[in-house]
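Heads up, the thing below is written out as structure tokens.
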Amino acid sequence: MSESVIREIVESILFVADTPLSFDRLANILEEFDRDEIRRAIDAITADCNSQRRGMELVLVAGGYQFRSRPEYADYIRRLKKVKPARFSPSALETLAIVAYRQPVTRGEVEYLRGVDSGGILKSLLDRKLIKIIGKKDIPGKPLIYGTTREFMETFNLKDLASLPTLREIEELADTDSDFEQVPLPLPETA
Amino acid sequence: MSESVIREIVESILFVADTPLSFDRLANILEEFDRDEIRRAIDAITADCNSQRRGMELVLVAGGYQFRSRPEYADYIRRLKKVKPARFSPSALETLAIVAYRQPVTRGEVEYLRGVDSGGILKSLLDRKLIKIIGKKDIPGKPLIYGTTREFMETFNLKDLASLPTLREIEELADTDSDFEQVPLPLPETA
Amino acid sequence: MTGSVQNQLFSEADAIACLVRTEAFEGPLDLLLHLIKKNEVDIYNIPIAAISRQYLEYLDVMQELNLDVAGEFLVMASTLIQIKSQMLLPQSIDPEVDDEKIEDPRAELVRRLLEYERYREASMELASRNLLDRDVFARSFIAPELDALPSAEALPELELFELVDAFRRILAKVPRENFHEVGSENISIADRISDILDFLQGKETVDFEELFAGSNTREYIVASFLAILELCRLRMIRILQYEIYGRLLIRNTVILAADPAVE
């Protein structure tokens, strides 16, 4: 089968899918094609969307490929959708950032870092499926531990967790450990 | 605005629309553009899809324009549908939650809590291997007793049943509505 | 800043005007960072006396405006006062102690502020990304060409939270008195019940004490005992004793269902 037909097939599948499709899933669906052929098709589609300036682009998000509309046309699309875009309060964003960077994280750790009670916000992030309960931490009191979800990556347009924006380095404080981030938080045992 | 940008805008709108859009609707959304400009954009997109052999085409259905995957690739697209994860109905979720938290539990107890007949749902949870019959109660009527399965544990990535979050833990989150969160504080403009 | 200047700054009309055009503080750390930036002081060398004074003035204004000052703000106020007093004390009276080893009383606070600021910056960066359904849109609906096809189900996608939240909603509808506490103990009893049933599988009777063989922690024994009582109540096991003070035997009375059909 010609390269351009494979490209069309890949494009039609990505177009119809209602979630991002991982490369493996795509290769599974298109079992009769080489992985290399599929890879080339994805690359060709990505390049086409950009060079021909189409209304959408192919992005890698939450570990999968998905067509998304170009951000510069958001205003027009909002007129079609007639829904208010999801809003995030600063506290929700702060909490989400802490969960994203420090996961798995307990409520106690979130509250230590934010300096305020965060139960209500964690609950609403759970309701919005942006975070999930991963399990319980094996320390006294067995507090629940939280992590981010696939929806979080989809919403924030992240390829994977490793592509979170890097945290700004903190200048070393005199007499403190250099890899500050790894220092366990001085929390009471039961959170 | 250049013709090609209008084309991109029209394309992005048609791309995200979940129903066919009539020409009038499109002209309404894009009120700042001439109807002729929009018409040309639609024609250009239609031609492009055909000449460049893309994975989708712009078709006129039910009086509106809609992108559709090319019919000749229907076989591939059908495979996509086959692996779509099932959505859980609220009643199935409710029933599963009762079995998980009250096990070992009989159908009668489930129905007492839900207030409705739950035979069909228990059956479907059994079929999905999320619950199992542990045995029969040695009382008149010999009601079946249900519990969760190993597959249930795997679905939720649970080490043991003790790792299930407790009600109390969720209620603690919900109760602590940090009501100061949205209160704006006065800031002096200058110190 | 003197008290009188402060009063002028926060005359009632001003305060209300300010209220309209300013954003909320997320918490004490946010307020402190605001003060540090406003005063253009070095975060590594916070003039703790001045900053604490301003911090407390803010709390006063909040209270004057009848805003609910959350407990966290007050905790931070006492932390600031404590740091201030520590800094007033002579550094070291013990000549044996190396001066360099004494940590600045502000160090812990500075660390928290920096860490907090880091996450806040990250959160703003997150918010500035091209968000789905705000800046970019995807086809997250079933395409018409798929809709016509029969659906085949795969594994369910469920989160733990959905499960416990569903249970919470059910219990909210049921009168409380019909329901005893559903806490962590209950759950580990469920674990024990399931283990005991597995253990009894294919055996006619087992020794009572064998059911406690897994561990000898207090929690485990209590959970095992409660599990046995619950199984008795459900008539899934029977406890037998053939002679006074003799061994206790557990008999499995569960009739295993041959056909996993619903009654």
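Think of it as A, B and C in the order they're written, each chain with its own count starting at 1.
As a working rule, a residue touches a chain if its C-beta (ideal position, glycine included) is under 8 Å from a C-beta of that chain, and two chains touch if they have at least 3 such contacts.
Small disclaimer: the values here were computed from a predicted structure and weren't measured.
Among the remaining chains, C is positioned farthest from subunit A, on the basis of C-alpha centroids.
Ranked by how close its C-alpha mean sits to the mean of all protein C-alpha atoms, the top chain is A. If you average the CA atoms of subunit B and of subunit C, the two centres end up 27 Å from each other.
Averaging C-alpha coordinates per chain places the centre of subunit A 17 Å away from that of subunit B. Centre-to-centre separation of subunit A and subunit C, using mean CA positions: 22 Å. Among the residues of subunit B, those touching two or more other chains are numbered 12, 15-16, 69, 77, 80, 83, 158, 165, 169-170, 178, 181-182. Looking at subunit C, residues 23-24, 26, 70, 137-139, 141, 143, 145-146, 159-161, 164-165, 184 sit in touch with two or more other chains.
In the complex of the two chains, the subunit B residues touching subunit A come out as 4, 7-17, 21, 29-30, 53-56, 67, 69-70, 73, 76-77, 79-80, 83, 157-159, 163, 165, 169-170, 172-178, 181-182. The touching residues of subunit B, counted against subunit C in their complex, run 12, 15-16, 18, 66, 68-69, 71, 74, 77-78, 80-88, 90, 93-94, 96-98, 100-104, 107, 113-115, 119, 122-123, 126, 128, 130, 132-139, 142-145, 147, 155-156, 158, 160-162, 164-171, 178-189, 191.
Note for the complex: subunit C touches subunit A at residues 23-24, 26-30, 44, 70, 72, 76, 100-101, 103-104, 107-108, 110-112, 114-116, 118-127, 129-143, 145-146, 159-161, 164-165, 184.
Contact residues on subunit C toward subunit B in their complex (touch as defined above): 1, 9-10, 14-16, 18-20, 22-26, 31, 34, 38-39, 54, 58, 61-62, 65, 67-70, 137-139, 141, 143-146, 149, 151-171, 173-174, 182-184, 186-188, 190-191, 193-194, 197, 230, 234-236, 253-257, 260-263.
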